[in-house]
Amino acid sequence: MNFRSDNTAPAAPEIIAALTRVNEGATAAYGEDQWSHRLDAAFGEVFERDVRVFTVASGTAANAISIASLTPPWGAVLCHREAHIERDECGAAEFYSGGAKLVLIDGAAAKVSAVALEECIARNTRDIHAVTPSVLSVSQTTERGAVYRPDEMAALGEVTKRAGLGFHVDGARFGNAVAALKCKPAEITWRAGVDLLSFGATKNGALAAEAIVCFDLELAEEIERRRKRSGHLLSKGRFVAAQLLAYLEDGLWLKRAERTNALARQLGEAAGKHVSVPVESNQVFIKAGADGLRKLRDAGAQFYDWGPGEARLVVSWSQAEADVEAMCSLLSTL
Amino acid sequence: MNFRSDNTAPAAPEIIAALTRVNEGATAAYGEDQWSHRLDAAFGEVFERDVRVFTVASGTAANAISIASLTPPWGAVLCHREAHIERDECGAAEFYSGGAKLVLIDGAAAKVSAVALEECIARNTRDIHAVTPSVLSVSQTTERGAVYRPDEMAALGEVTKRAGLGFHVDGARFGNAVAALKCKPAEITWRAGVDLLSFGATKNGALAAEAIVCFDLELAEEIERRRKRSGHLLSKGRFVAAQLLAYLEDGLWLKRAERTNALARQLGEAAGKHVSVPVESNQVFIKAGADGLRKLRDAGAQFYDWGPGEARLVVSWSQAEADVEAMCSLLSTL
Amino acid sequence: MNFRSDNTAPAAPEIIAALTRVNEGATAAYGEDQWSHRLDAAFGEVFERDVRVFTVASGTAANAISIASLTPPWGAVLCHREAHIERDECGAAEFYSGGAKLVLIDGAAAKVSAVALEECIARNTRDIHAVTPSVLSVSQTTERGAVYRPDEMAALGEVTKRAGLGFHVDGARFGNAVAALKCKPAEITWRAGVDLLSFGATKNGALAAEAIVCFDLELAEEIERRRKRSGHLLSKGRFVAAQLLAYLEDGLWLKRAERTNALARQLGEAAGKHVSVPVESNQVFIKAGADGLRKLRDAGAQFYDWGPGEARLVVSWSQAEADVEAMCSLLSTL
Amino acid sequence: MNFRSDNTAPAAPEIIAALTRVNEGATAAYGEDQWSHRLDAAFGEVFERDVRVFTVASGTAANAISIASLTPPWGAVLCHREAHIERDECGAAEFYSGGAKLVLIDGAAAKVSAVALEECIARNTRDIHAVTPSVLSVSQTTERGAVYRPDEMAALGEVTKRAGLGFHVDGARFGNAVAALKCKPAEITWRAGVDLLSFGATKNGALAAEAIVCFDLELAEEIERRRKRSGHLLSKGRFVAAQLLAYLEDGLWLKRAERTNALARQLGEAAGKHVSVPVESNQVFIKAGADGLRKLRDAGAQFYDWGPGEARLVVSWSQAEADVEAMCSLLSTL
């Protein structure tokens, strides 16, 4: 009953198979191989428009390169107080951007609302003495497992465009969001005004493969430069490309995400009134008090604390159904 | 006859096998898995002392993180004019260090001599108005395929210690150097005063695995921070650890390097008087004039130009012997 | 009745006279003149110990250079939510530090309490994924005109030392604090554990002269480098040195500050129950509602709004007493 | 006979008088005073077009802010090997730009020729692995006292425009260049394609006043931000504005420069065949061997060595004519 994180999971067999498949003979390095060359088209199909795709080795890199490409060093990066870029990336956005400032927004379920965004922009739009709002970065799904619906994304996008801000999405669990919303990826990205997406694959089955999906094509050159300069342009590009192609092929990414979402829903139902944030994707938050959490751990459950008396359970792509069933039984005893 | 670069090669079967082997069940993320935990010891055995090892996704990252950990932003990074960090990393060292300045040293075969180093330090040790020499970075093997012997490294190390400089080695092809010198890795690293080594595995058989080997243990915390902050701490750390463990196991790294060195030697012998830099590792430089190079290419050889009328041939771990034989025949017609 | 800010004031006649006095003949540049050479001793006398002093052209520079010298790029700079470094320096601390993160602390009168500091350190001391608390920066007087008493400073200092943090004071109005506390400068700086002080003179009478007073002498070299590299080492150093020497001479700085503090107290008394923050130095905050503020402005008073219905009045060294009397009359009609 | 540097001189009486003149009453801070508001127009008259002017406290700040506004962090800043930004600013350009790389060009009298510039651009225009030429920075007058004629500037400007580079001029001694060339300031700046000029006043008579003159008006916002963020927006802006207005008034800047140029010419004539770089402005370089220089020093002359056996003599605005005559007599004995 290991529900610590989806990055404790191994790689999916389809991904490993893809690595083996491309491991033949010499090929051009640094993304000039045939597999890397197919990435733009593969993602273009998913997003129903022309895109440029830049692979990187981690979500932190995807986020930081994206944000640095959307803000000057004297900009304010608006994000939720619990955002991964604020809490879990050791200041990567600040490093890559040359010292931009993260300005924090509150909101339930780690979501930024259009109203809160507008207030934040208004409060922080001042004079030469203050940093100036330059980009909004939201997580889809959020750090609390919530999803932004297409209309919510469009509302955020409208505010950013009106205020002249860039719009970035940290999609470390983007597959779970699309699976939950049953929407087209376009609806919650470029059609809503998103400029850059950190498209995650690692948590949902890859070894180490993330992509910056670039909807504002004028940013491509800058992203490419920042990727190279930070050491994220890999020499044997075929291997990261292969992972991403396999991840998209036949909708593997969505199938995996649908399954983990469904299992998380089961956990949520079992936890009943202890659920502290509505379950919308593969993360489940429960408030059971210190005693309750101890009881779960004593029974063999593994998870992270998420505030006092609160636990986060994450369902991984490799989670056994038996695991979930056992956990459900356990949760129903709370 | 593709001799473009050793990063056009696929991954070695042993490496792929290792990936498959560790791809079982859940394990702690971010380098807290059992394989990552074995890295320090495995490298410690190779280097015959306590070391701390930090894996990263590229040689550029290994170099830039290392250099930033050895220089303040107002430092001068001394390196050869043809160094990879100067010419091929898009300013990564400058980015990671907060704007340190690379100060260039000339020398045959892309080598920095102790005398040239001393002169450079003397010339650049000035007052508050100038950046101050803070670190020496050399490539082993060099960008011209040359190797530094233990006594040469010791002489460089002595100069750096006397002048209070850090000492970094870009070992993208470190295996080839050790194989060529038939020395102990310790002799050309920490025993010679090296503080940090970028230990490359990708060119010599890995998918994407490089390691910063830290001999000055007090630098470990800083390196770890810089790695995280730049997005080079991978979540599924087991996969990069597995590559490196397999790379070291049974001396795989040296066997591969010995073979490519030997094949390069054959090429050098075939090229005879056209060899422009003595062949010491897996890179061969030949001067054949524009006509000569065209002739080679017309016959199917692939390689990069390296200055006017000069070519660089690199032997990859996956190079077929037939390939080398064909190239030798071709070279002997020059 | 201009109470906008103390930096709307001209320079004191003593300061102008000092400029004229040193304006004779050639002298060494870049701080090697006789006046610059006297700075360390002059400040040493004020602070009753050995110090190193580095002049800069603005308080923002003094703060940013100090903070960058006390934090690594992956550090967290703890400060009050209303701190000048957070709100009014356009991200200078982030720029100079290579992207450190400001972590905000709440507290009445823009003060950081030792308890709040400890809580902030505890909440932000996590793992490799988060920035790590590295320095506390407080303003003395605060952005709300409050002062830290010696025991309060000592309590903060104790927390910083226990947690391994540096301790910086933004003393843009340091003179007003010392005058208000009637204490020795040492008591609220190095004896309380302060490492670096931004010692302001501009607001209180200089043209453009601020000093970084360095109590941790090991930081001197780094500060000097950062000053040069940011363009704050002035070539004709005599002029900034002369301002500071004149400012300290015969306690000019304290006399001016005592006067503005006293005048501010008068304003506070006149404003009576409308005073929103106890008046401790030369800043007065009053809550009079939108109507009240309009009334004041209609009668000729000039000041900045400081939140809804709240005004900030700052008494400058050059403020006429008649000005203050007129304002007092006006305030008493609220 | 102090010919060390023009920044050993005091401030001109006209400048001190101007400071006193503006030192009356309260006025808006941060460049919103009436004197600061006149700067754009005053410089606009000198340059015969609309300009935006940003005052800073040092030439290093003017250069670094300008360059950072003309290059991305992954850019190459092309400049002469002896340029002040390369040798004497402790890496300020690298710091402000977020780690751009200075790429050095050789040329007699510290001048960059259009041919050398083109070669440098060609040699450094490569691929994603290398930094990309983004800005040319030349000094007018150069570090060897030479001047660029209008046609030379136009030729450089043409190359930069063709290659898509920005064009910056370090005019620490810009007055000396205009006085020497007897040209219109426009001819050697914007009409020749210059985007940004560091206009120096300190060396030629001010206390501490330099200006970034912005010909590409779209850069104004960025420059203003970078100035604030680096602590170079002074609170009592009237004083720096007053210096610059007085400096320009009645052509004071050119009168001073004409005089120092003329005196330098006298020194050059006296030094005869020992002159090592043709004297074109207020700097004189002489090669007299170690013995010759010792002889000069023994006779009371003060100057800096500039390479082995070579001396640099700089004439300051406050240099007495008797001083120059004495030095001429001395030089004629070489």
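As written, the chains take the letters A, B, C and D, and residue 1 is the first residue of each chain.
We adopt the following convention: a residue touches a chain if its C-beta (ideal position, glycine included) is under 8 Å from a C-beta of that chain, and two chains touch if they have at least 3 such contacts.
In this text the structure is predicted, and so the values were computed from the model without any measurement.
After Cα superposition, the angle needed to carry subunit A onto subunit B is 180 degrees, rounded to a multiple of 5.
Chain centres here are C-alpha means, and the one lying farthest from subunit C is B. Chain centres here are Cα means. That of subunit C falls 34 Å from that of subunit D.
For this pair, subunit B with subunit D, the centres built from the Cα atoms lie 42 Å apart.
Within subunit C, contacts with two or more other chains are made by residues 30, 73-74, 89-91, 95, 98, 128-129, 225, 228-229, 233.
Across the interface of their complex, subunit B is touched by residues 30, 72-74, 98, 128-129, 132, 222, 224-226, 228-229, 233 of subunit C. Residue ranges on subunit D touching subunit B, taken from their complex, read 73-74, 87-91, 94-95, 97-102, 128-131. For subunit C in complex with subunit D, the touching residues are 2, 4-5, 7-11, 16, 19-20, 22-30, 56-64, 89-92, 95, 202-203, 207-208, 225, 228-236, 239-240, 316, 318.
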